[in-house]
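Okay, got some structures for you below.
Each of the next two complexes has chain A plus one more chain, namely chain B in the first and chain C in the second.
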Partner chain A sequence: MLLLQYIVSGVATGCFLILATIGFSLTRHVEGFLNIAHAQLLGVSAFSTWWINVVLGWPLIPSAIIGIFCAALIGLVIGRVVYEPIRSAGPAILLISSVGVAHILGGLIDTAIGTGIRTLNIDIATSYRFWGIRITDHQLLVVALAVIASASLSLFLAKSRTGLAIRAMAVNPSLAASRGVDVKRTSRATWLLSSSLAGLAGVVLAIIATLSTEIAFEQILQILAVAILAGLGSLFTVIWSGLIIGIAMDASVFWIPAGYRPLIAFGVVIIVLVFRPDGLSGRRSS
Partner chain B sequence: MTIALKAETKKYQRFFKTMGFCLGIFAMTLVSTMILPMRSAHAEKQVTVGVLVPLTGELGEFGTVVARSIELGVKQINTAGGTTCGKIRLVTRDTHGNPERGIREATKMIESEGAVAVIGPESGVMVALVDLAKRKKTVIMSPYAGTITLNKLGGDFVYRTVSSDLGDGDASGMWLTEKGYKKVAFLVQNEESTISPAQVAKKIVEKSGMKLTDFVIFNPGQPSYQAELISVLAHNPDAIYLAGGQQSGVTVIKEATSGGFAGEWLFTADLAVPEVFDNVGAEHINGRAYVEFADADRSLPEFKAFEKLYREEEGKEPGPFASNSFDMINLVALAIEASGQCSGSGINSAIRDVADGGSVVTTFAEGKAALAKGMNINFEGASGPLKFDKSGGVSGAYSIQAAKNGKWANEKFYPASVFKN
Partner chain C sequence: MNWLQVILTVVTIGSIFSVVTLALNLQYARGGMINFGVVAYFAAGAYIYAIFTHPAPEGLDQYIIGLDWPWWAGFIAAGIASLLFAVLTGWPTLRLRGEYLAVTTFAFAEVLYSFLLNERRIGNGAVGLSNIERPIRDWGTIDEKYIFAIVAVALMFLTAWIFRKLLNSPYGRALDAIRDDEGAAQAIGKSAKRMRLQVFLLSAIPIGFAGALYAMYMTLVSPRLFTAEVSFIVWIALVLGGERTIWGAMAGTFGLILLEEVITSLPFESVSAAQNAAAMNHVVTGLLFIAVLRWQPFEWISKKLEKK
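Our next item is the complex of A and B:
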């Protein structure tokens, strides 16, 4: 029964990782590089939500919507001003630039927020028990948001014109451009979408965690672990990767000390990559 | 003819204008080279001390208190006429809680600003600075770095006005034993500064016959600690000893409370801040949470004098480690005065002497006057006696405070005399 409790906790952890990683993976597919600054967008959204909720005294939902909007806008501006002009320089230059952007965003958050810890003006989580297994309303919310965000993104990519253009660019940008896809417009739509998803993850972070100015960036290693495990496949490989890493990390506490929890994430990644060098998707980068 | 004359006149005018301009520049240069040395000769002599503290991030609240207390000390020292090397000039930098950044800033302070001492770093940064301090012969000192790593590395150029973390462990263990709990769980952040005291407290708890249900080491920076809490909550302990930072600690407290934990808490020093009540919700910890931290003996007249000064200047009670920080700058100033040298080596050679073995002085002004008379002095600070041991640390006292009405209130005081470490 105790092991089952760890697995349930792992599902919630995995769902948070899915939310934090789907936007990151989308950028990786379409723009072709690892955007390290993605984690700081979680912070932008989390602290915007906190500021509107606690300082201005607004209810959580409108605060969260504005928080997501702030992350989306800042992500779009960064994509337009920083990454778009150097897009042709290649993934290594873009990756290094994204580290610089992460530091700038981190510094701005530090300056704006200052010292100490912050929490939203919401009630402490309520626990429910189902057949002896405990789950909180915050964990249920994380799971629900992960399901809704994944399903909505999947539908958007499959059904909408912009979604199809994004998928075409992810597979082969040159071919997509030659077939009439507006590369700049599609790239900007990708930044807007991935930053909004980072914003949603930031709101979840603000709900479940205690905010310090470092906490958002501290999630980058696990985001990378999930993205690498997923490889360059579909959205569903990201979902599977998030769940595998989340459950592996939490269930490992049943057998080994919790201090080794982060190592488990990378242990899983290494084991999977030994057998499937291109991640769960099995697709190579073009 | 007239035109030729006019042209010639213009040439001469231009020549004299240019010559005049050049002479003007020359004269200004001459005057300024004469005046500047005169001005610097009249400028006050100063000695620079670096204040290297975490001003941002999770430990920012502590760093701000430390920096402000040092400024209060400097104000008093400079009002008393400053040191033999002149008035103290502070250069303050932020460590961001990052040892690498700490080394960079300390190097700049020493090499560019000429700092003779760098004071205020937290445990991780202090350990990282040991090599630099010894190489550059510059004193480093901390008011809150309790890490036991410094028990081996400290002593020469490396000092602290707080006792080792082992004392924290003793005090926590004593408190848990006195409370008479039957079952206790330990939740400890994965850092040397929290694990060391927790190990000491664990030994005391086990020796007392109490049942230790869990000893969980968790990593900071996680959004949630539900997995770490599963086993702890399943064993239903009477109390949880929580040694964590503010960010992780508050999340643990909230998640344990929502998970049905109804027992008591003992927190360590990082949670001895009022922000815990705002972020957890006072109603969840009032009457059932305690916090243990290194503290000054508040009954001492030196502490009362400092408390009065702090209230007057800051309009509030001294925060954690404020008195230790105030003492730190006084010790540096007295060591400069005693050695008569404006260097880290001078401070290092005299700092132990001014803290032990002479006439008791309680302020810089008293110490300066006594030293001028050729007397040996023993500086007794606001945080208590400051006799440095072999590793450059002091023996300290500890307080337990209880969560009452949304505030931390004094519950128990353990004087330095009750500890072996």
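Our next item is the complex of A and C:
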């Protein structure tokens, strides 16, 4: 029974990881590199939401919208100023550059907010019981947001013109360009989209966790684990690996000390990569 | 501000980190491997040195092994420990390429960090081991700290010299061939997989020695000293100095350590001012990093020098 309880909270953790990773995965597909600074965008949105909610005293929903907007805007500007000029330099240089970006954003957040832990000014979670298993309304919110976000993202990618262009660019940028896709515009649209998703995940993080300035760095480890586990597959492999890692992390607490919880994510990744070097999807990057 | 002290610290810490940068340079610029978990090999060396030289546990200590051996045994063990950790991590992961390797090595470093933090029986968990054996004492009139700086510099030059010898040999050319065109190199009988593993193992040894030296210098090992931040600092140093050259790797490390030391040794009015300075330090290194990667000034300078 207790194990079942851990698995249920693992689903909620997994859903948060899905929210945090879909944006990361999108940039990885389209721009072709691991954007380490993605987690700092979660931090940007989480702390701007906190600031507007607690310091200015606004209600949660408008604060969250402004938080997401901040993350989207900053993500777009960084994509334009930092990554666009070095796109041709290859994924290793882009990856290493994003570490620099993560340092800058982390430093700025530190300066602006300072140390200490913070929580949003919202009602604490109320828990419901179903057949003896506790679920909080915050957990339900996370699950609902993850479902809505991934469903609307996949609809957007499948149906809209920009979505089609994004998918074309992910598969073959030069072919897409020669067939009339505006590469720069599409790339910027991707930055906007993935940064807003990071913003949404940041708001969720602010709701479910207490915020400290190290929080963004802790998230990147798990985001990397989910993204690498998924490999270069579709959105659905991201959903699967998010759930696998979320459940594995929370269920592990049943057997081993909770201090090792973050370690489990990487344990899963290392084991999977040893047997499947290209992740769960098994698709190779060119 | 005491300038002499700052310079001594920069020379000592800079030399220790330079060893790590040099090893990373060998792995990345010559072997084509992105190792984002370089701190793990450094930590392995430091912890093994501490465990080998520390006396048996007593009182409130929670660690279980303290061998109380002489310093040189600990130092050698540190190199071996780093090598063994490289065998353990390199053997399953080196067939992964590019970003997958980067993430897996990063993951291994996090796994080790988590063990050191949570498993109190290794080294007292978060508290760490203090009063680490420090073999270097004053020599007559010369103060201990000068000798320490000299030893660190010597280790750096020794590492640089060995790597240079290696890379100028036929072995080094075979490595370059594999990096530039793996298929062609394999066609003439060079096993890319085996050579990559050899380079990975070989470069881990000096990192372990540097870790032991770092433990002696700090007289403390604790998980806080070996966070992912260390890996990033070494990477930034490597990129700052311009990859592929031994002098560049060393210059980049010294530049970065100098920047950090000057910022931390500035007198601050309040705690929050000091915190802000540390945060701005991150911003500045990040900006430098991006600028260097974008405009590649060092490649440009070396090309200019070659033309003359």
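In the analysis below, the second predicted complex is superposed on the first by the 286 of 286 C-alpha atoms of A that agree within 3 Å, B and C clash if a C-alpha of one lies under 4 Å from a C-alpha of the other, contacts with A are read in each partner's own complex, and residues count from 1 in each chain.
Criterion: a contact is a pair of C-beta atoms (placed from the backbone, for glycine too) under 8 Å apart; a residue touches a chain by one contact, two chains touch by 3 or more.
Please read all numbers here as calculations on a predicted model, not as lab measurements.
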So, after the overlay on chain A, do chain B and chain C clash or fit? They clash
Touched partner set for A:D110, first chain B, second chain C, both or neither: both
Mind working out whether A:T119 is in touch with chain B, chain C, both or neither, as first, second, both or neither? first
Going by the contact rule set out at the top, does A:L157 touch chain B (first), chain C (second), both, or neither? neither
By the touch definition at the top of the document, which applies to A:G259: first (chain B), second (chain C), both, or neither? both
Looking at A:I245 after the superposition, I want to know if it touches chain B, chain C, both of them or none. Which is it: first, second, both, neither? neither
For A:P85, using the defined touch cut-off, is the partner it touches chain B, chain C, both, or neither? Pick first, second, both or neither. second
Between chain B (first) and chain C (second), which, if any, makes contact with A:I270: first, second, both or neither? second
Check: chain A residues flagged as touching chain B and also chain C 110, 114-115, 257, 259, 262
Any idea which chain C residues touch chain A in the complex? 34, 92-93, 95-96, 98-100, 102-104, 106-108, 110-111, 114-115, 117-118, 228, 232, 235-236, 239, 272, 275-276, 278-283, 285-290, 293-294
Okay, in this complex, where on chain B does chain A touch? 55-61, 63-64, 96-97, 190, 216-224, 226-228, 230-231, 234, 246-248, 250-251, 254-255, 257-260, 275, 278-279, 281, 284
Report the residues of chain A in contact with chain C in the complex, numbered from low to high. 33-34, 82, 85-86, 89, 91-93, 95-97, 99-104, 106-108, 110-111, 114-115, 217, 221, 224-225, 228, 257, 259-260, 262-263, 266-267, 269-270, 273-274, 277-278
Report the residues of chain A in contact with chain B in the complex, numbered from low to high. 2, 5-6, 9-10, 12-13, 16, 110, 114-119, 124-127, 134, 136, 139, 205, 208-215, 218-219, 249-250, 253, 257-259, 261-262
